[in-house]
Structures are given as structure tokens and as C-alpha cells.
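For reference, chains read A, B, C, D and E in written order, and residue numbers begin at 1 within each chain.
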Amino acid sequence: MRITFDFLAILAQWPMLLKGVAWTLGLTAISAVIGVVVGVACAWARSDGPTWLRWVVGVYVELIRNTPFIVQLFFIFFGLPAAGFRLSPEAASVIAMVVNLGAYATEIIRAGLEATPRGQIEAALSLALNRMQIFLRVVLPPALRKVWPSLVSQIIIVMLGSAVCGQISTEELSYAANLIQSRNFRAFEAFIIATAIYLALSIALRRLLNWAGARFLF
Amino acid sequence: QTALDDILKSKEIKIAIPTDFPPYGFVGTDLKPQGLDIEMANYIAAKLGVKVELLPVTTANRIPYLQTKKADLVISTLGKNPDREKVIDFTAAYSPFFIAVFAPKSITVKGPADLAGKSISVTRGSVDDMELTKVAPPATELRRFEDNNATVSAYMAGQVQTLATSAQVAGAMMAKNPAMGTEFKFVLKDSPNFIGVGKGEDKLRQKVNDIIAEAKKSGDLDKMAVKWLGRPTGELPN
Amino acid sequence: MRPIVEITALRKSYRANEVLKGIDLKVQKGEVIAIIGKSGSGKSTLLRCINGLEVFQEGALSVDGQALRHDSPTSMRELRQRVGMIFQNFNLFPHLSVGRNVMLAPTLVKKKVKGEAEAQTRKLLERVGLAEKFDAMPDQLSGGQQQRVAIARALAMEPGVLLCDEITSALDPELVGEVLRVVESLAEEGMTLLMVTHEMSFARKVSDRLIFMHQGLVHEMGPPAELFANPQTPELKQFLSSLTD
Amino acid sequence: MRPIVEITALRKSYRANEVLKGIDLKVQKGEVIAIIGKSGSGKSTLLRCINGLEVFQEGALSVDGQALRHDSPTSMRELRQRVGMIFQNFNLFPHLSVGRNVMLAPTLVKKKVKGEAEAQTRKLLERVGLAEKFDAMPDQLSGGQQQRVAIARALAMEPGVLLCDEITSALDPELVGEVLRVVESLAEEGMTLLMVTHEMSFARKVSDRLIFMHQGLVHEMGPPAELFANPQTPELKQFLSSLTD
Amino acid sequence: MVEFSSWDILRNLLLAARWTVALSLIAFVGGGLVGLALLVARLTPSVALQRFVSGYVQLFQGTPLLMQLFLAYFGIALFGINTSPWTAAAVALTLYTSAFLAEIWRGCVASIPKGQWEAAQSLALNFGEQLRHVVLPQALKIAIPPTVGFLVQVVKGTALASVIGFIEITKAGTMITNATFKPFVVYSFVALLYFALCYPVSLYARGLERRMNASHR
């Protein structure tokens, strides 16, 4: 090997890395919360809503699931201004992540809703609950619990996917790593450290969400 | 220490070049790279008497190409600074590179101080970025993008008010988008481009330096600059 | 006296398959009715129609004098407040504790305040012998206990009629008794009960009237002692003999 | 005569929960043993230990004089060729036809050639009354038919001992009889049988010896007529009375 | 400067789509084979193997594919082994895909009732026979729809292969944008192309799933 590693050259820039981690986590947190809400709403629309709404949601879900995230991001940031929507890079990143997670969450949650035993709904009906009460109090909580692991995985995929948000100057973790390496050319060190941080983040996030799901959601 | 021998033995040189940086490196309708850097790469290969393999690279991965010997040279609008010199070696400069600030006529920007409170896009990790970071007042909203493409696109989409990039890139952009009324504001830095060589590959570096010196003398370098940049190289550091 | 449930010429088909072929039935307040019959004879379908879980094609059905109207969600909800139902496989809500299973409908539908609903729930749980299980989750209970919670849950809405569809069929034999004892006490207290059951000795002991369904019709009906001792139709004879086999 | 199954001081725990607390049991060739007891008393666990599906912590177990050794896959496979098992929910392989369900193990394990295995299979299916179902898929059969296929599948390995764990519990009441008749015919032909069952009348009629398990121990054991008529322990008394409740 | 017509843009993107398809196929075949091996390792009673597989899955599911590709291409070269972009892409995409497929398939195997294993065991089948004749045939059937569905993720994942020098759809799109300064048009075509590649696969996966569910009832 002819190059020598100097990880300290990267770690010396820890404030930048820390800021990157904070952004990555912040983006993920906001988009996870809103994305899951979007997913619930769309899943409801797809299984219970009026036909036109089902169709609209169907188109949304298919469009998002069949194109890469980075293309969606570029569209929102570079394309929407042409239609008069001007967004900061951070806002564009959050919107892209919400839109992306929302589409996947819709499908995941819908699967959970469909797995609801018929008897649960009948029991709720025979207790005189109305449609909304049945959905929110009887059908949704067990469905969410059932699909929670898949949702957590998808949230982590979205977090890892946020690495491309740096390309529109959102200062998340991969942006920080890239900025550091483009200054001192220590690309390996920067990427290895970033990869390790991502791994730690996804392990920690999965733990946290699994714990929080069991503790607060159900 | 063997790069030059390997090149001469295999009769092939691998050179990393940009594709996102008109007029230094960009693609034609056939997606074949062209531009000043590409011509320079071909020129060096011809002088060495070997075939050339062009490797399109990005800002992020051009140095690893060199470090892992996937490329022998990097000719990719590479600026020099002391940090970078710890990792790779540089030859003499081969082309000029003026970094300037651009904005629509409606915005008044006379010097760095006027950038305060305005947003500006720049390519992350480029010399442009480093210079701008040095001179821009703290109140400037600095937006660093992944590559030159995103930098210019963000400006054209109106996501930022001003743009810092190479004079030539801006020229191409202004020609395509006259409606924006973009104009030159002030020069940020005159930062010529160097060729990157693997750390310690002194023989290869020396050889390339000889070729550059010769090209300077023969006027080939100026000819290239006139063809792609519209003017001669001017003074270049060694 | 006006019957609490009144069914006239009720017909119900699943597509081409006619399952109920004209049911006439009047149930008086406080009556305990046991419904028996072969698998597929339409017993469950009949109960589900009374609760409005199934839409029927012909005939009329009224509870407490109010005709059942499928097109009006509000009137369906009113009906269901009068008619409780207990299912073969309990259908407790798995994500809610026992107490919250019972309290859910009173707080949501009857808008009871929390304290009141809780007091009522504790009383009901005591009545079904599960006072100490208020905070347990359904999956921590045995089948018999779950079914007793389901009974408490249905009672919490203070229904006039209770429908029970084979509520002990999914239970281990040793757990059947505890559920039947609760049902028996309800019968004694004057609750109107319609129950589909395979427990013949229980049906005989508890019910005022026994209905034998066969191929979508009430085939034979009368006091249980009479029907068991002296079945009139060959179908009932055969059914009864198949049980003691 | 050497017992075909010999169990000595067998103890088995799931983590801290000791489920079998020292079982001693000798089964003679041709004996038919019925095991009864409350839910959770360890009946299934005992059968599963004999078949090597569960690892036990203490004691010894041998079949045909061969000690069970969990560490040797080969000896486990030999054991399982001597001991067949039939489960409560049939566990037929849903992707294989009835015939191929029965033939699978003989061809794979005993290396029977196809023709021979097929002939054997047809004979076995005939014996359980399903000769014409050779090419049917399991999900086209009723529960009782599926269970009879499961019996044929176990018999195809020509085991010395057959373990049956509540094999009629998942069946509709009218289908129980057809399965029990097959088991009875096996008993008559001299198959060694250990069966956990809730069908008391059947246990009484068919078995040579009845075992009452309670809290992980053989609590009472003896000829069925005797145990039913004259239970010695209060636990068995209570168990029997809960059944006739 | 060069002028790109819409046709030039589309034509170049279509040519680049060949690489997207080729990379996807490599990833899928390689990932499938390795994933199967991982699955079997995960199912064996060996605790060490199970740990290894779960660590492997965690590593490749817990880090961005972008970084994996980068480190595979340049990282291997650091140890003096010269890799072509093809090998590197094949290695990185295979690692990534296999981790996901192994997880998907494990879920399918886990959904086979325990009684099936026990019945096979009590018929004296050994581990391999239980797997080969009883569990895998059933798992395979339920595994096909999610596996085909994951192919869509693989296709989209290849977008990142540009870091190691592949000019597939996304990279071609970026290059063309640089020459044309028309990001909106170019990215519309890019999105359209991905949609055209992925949507039929999604539809097919969904159809398979529906058919399977129907046959289950």
C-alpha cells in the first residue's frame, strides 16, 4: 500500500461531522413523523376512501416507488421553482424524504390494515362504534404494531438515502464527509468514518424505534 | 516510483478527466467527453507516445482514482493547496482558471462585502469554495453543491441569488440563458489548474512537467486555451 | 306484550346460495332461546342478521319495535346499542387491556366519563369473575377468561338482547364450564338471550325454547325437554342421535 | 420382555419453568396407553421428548433398547424411524399430493424405489379409507381425511411406536369418529400406541392403561375402567368431574 | 457549445439504460446466489453462522450503498488487488442485494408453520431434506412476489454505480444536464425511464402476489 491513513485529519473536523449527524438525524426525525402520518392517511384512503382518492393515492405511490430518490429530490429542488415553488435545500430535502417515505409507508401500513381479522371489525361494529372510531381505535393500532418492524426498516432506508441530500447543499453527514475530503483529499478516511457513523446511527435508530414503538405506540 | 515505466511498458496511460465542467470537460451529443482537459490529456499521451484511456470522474472520487493507481494522472480543473499537497503531487500549471461572482443586473454586488445577506451557490470543495469561504462576510448564505452542474442549476432555478464559478462556465450558461440578465460582478481568484500525480511519482511528474514546459514554449498550450476559453493562458506558475 | 325481537319471512342469500329461506321468529323480553342444527344450516347467519352484520334481501326484522334499516348508519348504531353479540373466537381487541376493552364502547359511543365507565367496568369484571384482571392484556388470559371478558364488554353497552354464537366452541373442555356458568347467571337475571350452541345439556338446562334449524329454516321449535324427548321430524331425530354417537 | 419404550427420571424445563418433573414409564410392545390431564400438565411435552422434538435435561429415554442421544443426528434419525408421530393439526405438507406426502419419507429415508413406495402408499391409503385420494392435494380434503392421511404417512415408516397428540381436537365433531375408528383398528392389530386425548369414552374403550398427568408428573396410572370408576387422588377426581360438568 | 435535441437526450439515456439493466441483472443473480447461501447458514443450528449472517445483514443494510460501492471499488484496490469497475460493482451490489434478499427469504421461511419442520423431523428426514423437500418449496412460493418486488430496489440502486465510473441512466442524465443546462427536461426523461423500467416489474410482482393469495383461499 502506498498511501497512509490519517483518520485524525478527519476526526479533527469533528464539529463539521457532528453538525452533519445532527442534520441527518433531524431530517430523519421530521420526515419519519410526517411520513408515517402521510402513510396512515393514504393507507386509509386506499382501503376505505372514495374511488377517485384511491386512484390519486395509487398514482402517487407508484410514481414514487418506481423512481430513484435522487431523481425525486432533483425534481423538487430544481424543477418546482419553474412552477413557482421556491424551497430552501433543507425544505426540499424534508419534502422529498416525506414524499418518499409516505409512499412506502402507505403500502406497508395498508398491508397491516388488510391483515386485520374480519372478527375485529365485526366486534367493533356490534359495539356500535362508527367507521372512524373503528379505524382509529380498533384497526389501526394492531396494524401499526404488526408492521412496525417494516416501518422501522423503511425509516432507516430513508435515513441512509438522505445521504444524497448533500448534493443540493443540505449539510447532512455525507455532505460533511465530502466537504472534509474535498479540502484535504483524504477520501478513504472520510468515507470509512462516515460509513461507520451511518452504521452506528442505523443500529441505534432501530433500537430506539423498536423500544419507543413498544413503549409508546401500542 | 514506477508509474512512468509502467506506462511506457504497457503503452497506455490512464487519465481521469471531468465531464461536468464545460468548457474544461463536458460531453457532446454522443456522450463522448470533450474540452480543454480532454485535449490536454490526449496531448500528453501523444507526447509520451502511448494510448490514452479517459476515465470520467467526479469531484468526490478523482483523488482515490489516483491513490489506488486506477489513474496515472488527474487532469480535472485541479487547484493546488498545501493540504492537498500532503496527499498527492502536482505538476506545473497547464491552464488558467478565473473564479468570479455572477448575478443578475438587478442585484448590486461590487465586492465580497456586498455578499452579506445574499445567497450564493458554489461547488463544494472546489478552489472556488475555498476562496469564497475566505473572503465572504459571515452573513453570506453560502450554499455548497455536489458538483458544478448542481451549482449552476441552483442558480438558474432561482434557488440562490448569486453564483461563484469559473468565468468560462458562467459564460456558457449566460449564452444559453440570456433572459436571466446575468452579468459578471467581480473576480474571486485567479487559480490556475494543475495536473495531479500520485504521491512520490517524481519521474512521471518530471516527464509531464517537461511536456508542459515544451508546450508552453511551442505555443500549443496557448492554442488550446484560445480554442476552448477564448483567450491565451497568460502567466502560469510552475 | 310486544316481542323484543320480531323476525318475519326473512330471506338471505350469498349470491345464488340462499342460506335463510324465510325465518319467522318472535322473541319475548327475558326469553332464553337456544338454536341448534347441523353445520351450514344458517344458525350464525341468522344471528348476524339480527345484529345487522349481514344484509338480508327479503323480510323484516325489528328490535324493540324499531325496524332494521341498513341504509342509515345512525339507526344501525342505535340498533347495535340494543343488541350485543359475543363471538366464537372472542374477538377481544389485542392492543387494549381487559379494562380498556370493556370501557372502549361506553366512552366512545355512550360518551360516559372515564370514572363512571371504569366503575361500571370493574363491576362487570367482578360479575364475570375477573375483577383482578382489569390491567391484564387479552393474550395473558386463557380462552375461557377471554370469553368472559367479551361477555363483560357486550354487557357494558347495557343491551336488551344478547346474541351468542357458539361461544364455547373454541375453548378447551375444562374451560367451557366457567363461561357457561356466567351465561346461566345472565339467563337467571332475566337477560334476553339467543344462543347458538353445541352444548346440548346446557341448552336443555338453561333455555326456555329450543330452535332446531335445518337448511335455512326453523325446522322444529319448542320447549327443550319436549324436543329432546320427542323429536317430531326425522331430521331432528337424526341430528340428536348423531350427537350421542 | 424388554419394554419398547423406557423412560427413567425424565426432567425437562423451558428455561426456569420445569414442565416434566421426573417421569418414569415403561411401555410394552403392543400396549395402548392413553394420557389424560389438564392443559399445561406436560402431556404434549412428554410425547415430544419421546420423539426427540424436545431436548430434556435429566433422566434417560430409550426406545427398543437404544438410548436417545441428542448429539448424534444419525442416532436421532434412527430413533425417529422407530417412533412415528401424529399432530393435532395434521401438518400435512401442503405442496405435495396425498400420495407424495405418504411416499416422501420412505423414498428419502428408507431409499425405497418409487414403485415399491407407491404400492405401499396405496395399501396404506386404502387402510385409512382414502384409496381414491392418492392424487388429491391436502387442502381439498376435510380435516378428518387430512388426519387419516397423516396417520398413513406415519405408518409408511413402519414405526414400532406411534405417538398421537390430541389428534381429534382440531376436528369438527362429526369428523372425529372416522379418525378414531382408524386408531382403534391400529390398536387391535397390535400397534404400540401412546395417545394424548380428551375423548374419555374412546380412551376407556381402547386403551390398556390410562395415565393421568398432573403438574409434570404421572399422577395416577392403571387400567382405565379402574381409574374412571375409582380415582385415588383428589386431582383426578376433580379432573373427571370437570369433564362431566 | 453542443446543442442537444430532445431526441439526443432520450437516445443517450436509452443507451445508458443498457448499463442499468446489465448492472441490475448482475446484482440480482449474484445477490440471489449469495443470499441463498446466507439463508441456509442462518437456518442451520450453528450459532456462530447465525451470528455471522446477522452481522453481515446489519452491516450492509445499515450503511449507504453509495459508501459500499465506493469502498468496494477503491478499498479492494488499496490491498493491491486491481478491480475493474465491473468486478467492483458486481461485488458491492451483490453484497448489498444478498443482505436484503437473505432477510426477505428468512421472513418467508419463518412464516412456514413450525409444525411443518416438526412433521418432517418426526419422519426422520435430516436437516437438508427438511429444507429441500418440505420448507423451501413452500417458502419459495411465498418468496417470489417480494423478491420480484425487490428487483425494483436493485434497479434504482444501480443509480449510484456512477461513483465508480459507470455511465448508467442517472450519470448520463447529469452529464447531459451539464452540457444542456436543462435539468427539468433531462430529469423528466430520467424519471420516465426509471418508471418505464420499474413499473412493469412492480406490476408483475403485484400480480404474482394476488394470484398467490387467491390460490391460498
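Basically, a contact is a pair of C-beta atoms (placed from the backbone, for glycine too) under 8 Å apart; a residue touches a chain by one contact, two chains touch by 3 or more.
Since this is a predicted model, take the numbers as computed values, not measurements.
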For chain E, the least number of touch steps when starting out from chain A: 1
Greatest separation from chain D - chain, by CA centre: B
Equivalent-chain rotation between chain D and chain C, CA atoms, steps of 5 degrees: 175
Per Cα centroids, the chain farthest from chain C: B
Chain pair with more C-beta contacts, D-E versus B-E: B-E
Centre-of-Cα separation between chain E and chain C, whole angstrom: 52
Centroid distance [mean C-alpha coordinates] between chain D and chain B, Å: 80
Inter-centroid spacing, chain E versus chain D (mean Cα positions, whole Å): 46
Rounded Å distance between chain C and chain D, as computed from the means of their C-alpha atoms: 37
Chain C, residues touching no fewer than two other chains: none
Set of chain A residues in contact with two or more other chains: 3, 78-79, 82, 187-188
Chain B residues counted as touching two or more neighbouring chains: 60-61, 64, 67, 147, 153, 157
Contacting chain pairs - touch in the sense defined above: A-B, A-C, A-E, B-E, C-D, D-E
Residue numbers on chain C that touch chain A, as the complex places them: 51-53, 73, 77-78, 80-81, 83-85, 87, 89, 91-95, 104-105, 108-109, 150, 153-154, 157
Chain D-facing residues of chain C, complex: 39, 172-174, 176-177, 198, 242-243, 245
Residue numbers on chain A that touch chain C, as the complex places them: 117, 119-120, 122-131, 133, 137-138, 141-142, 145, 218
Touch list for chain B against partner chain E, complex: 19-23, 26-31, 55-58, 60-61, 64-65, 67-70, 147-149, 152-153, 156-157, 172-173, 175-177
Residues on chain B engaged by chain A in the complex (per definition of touch): 59-61, 63-64, 67, 83-84, 86-88, 121, 124-126, 129-130, 143-147, 150, 153-154, 157-159, 198-200
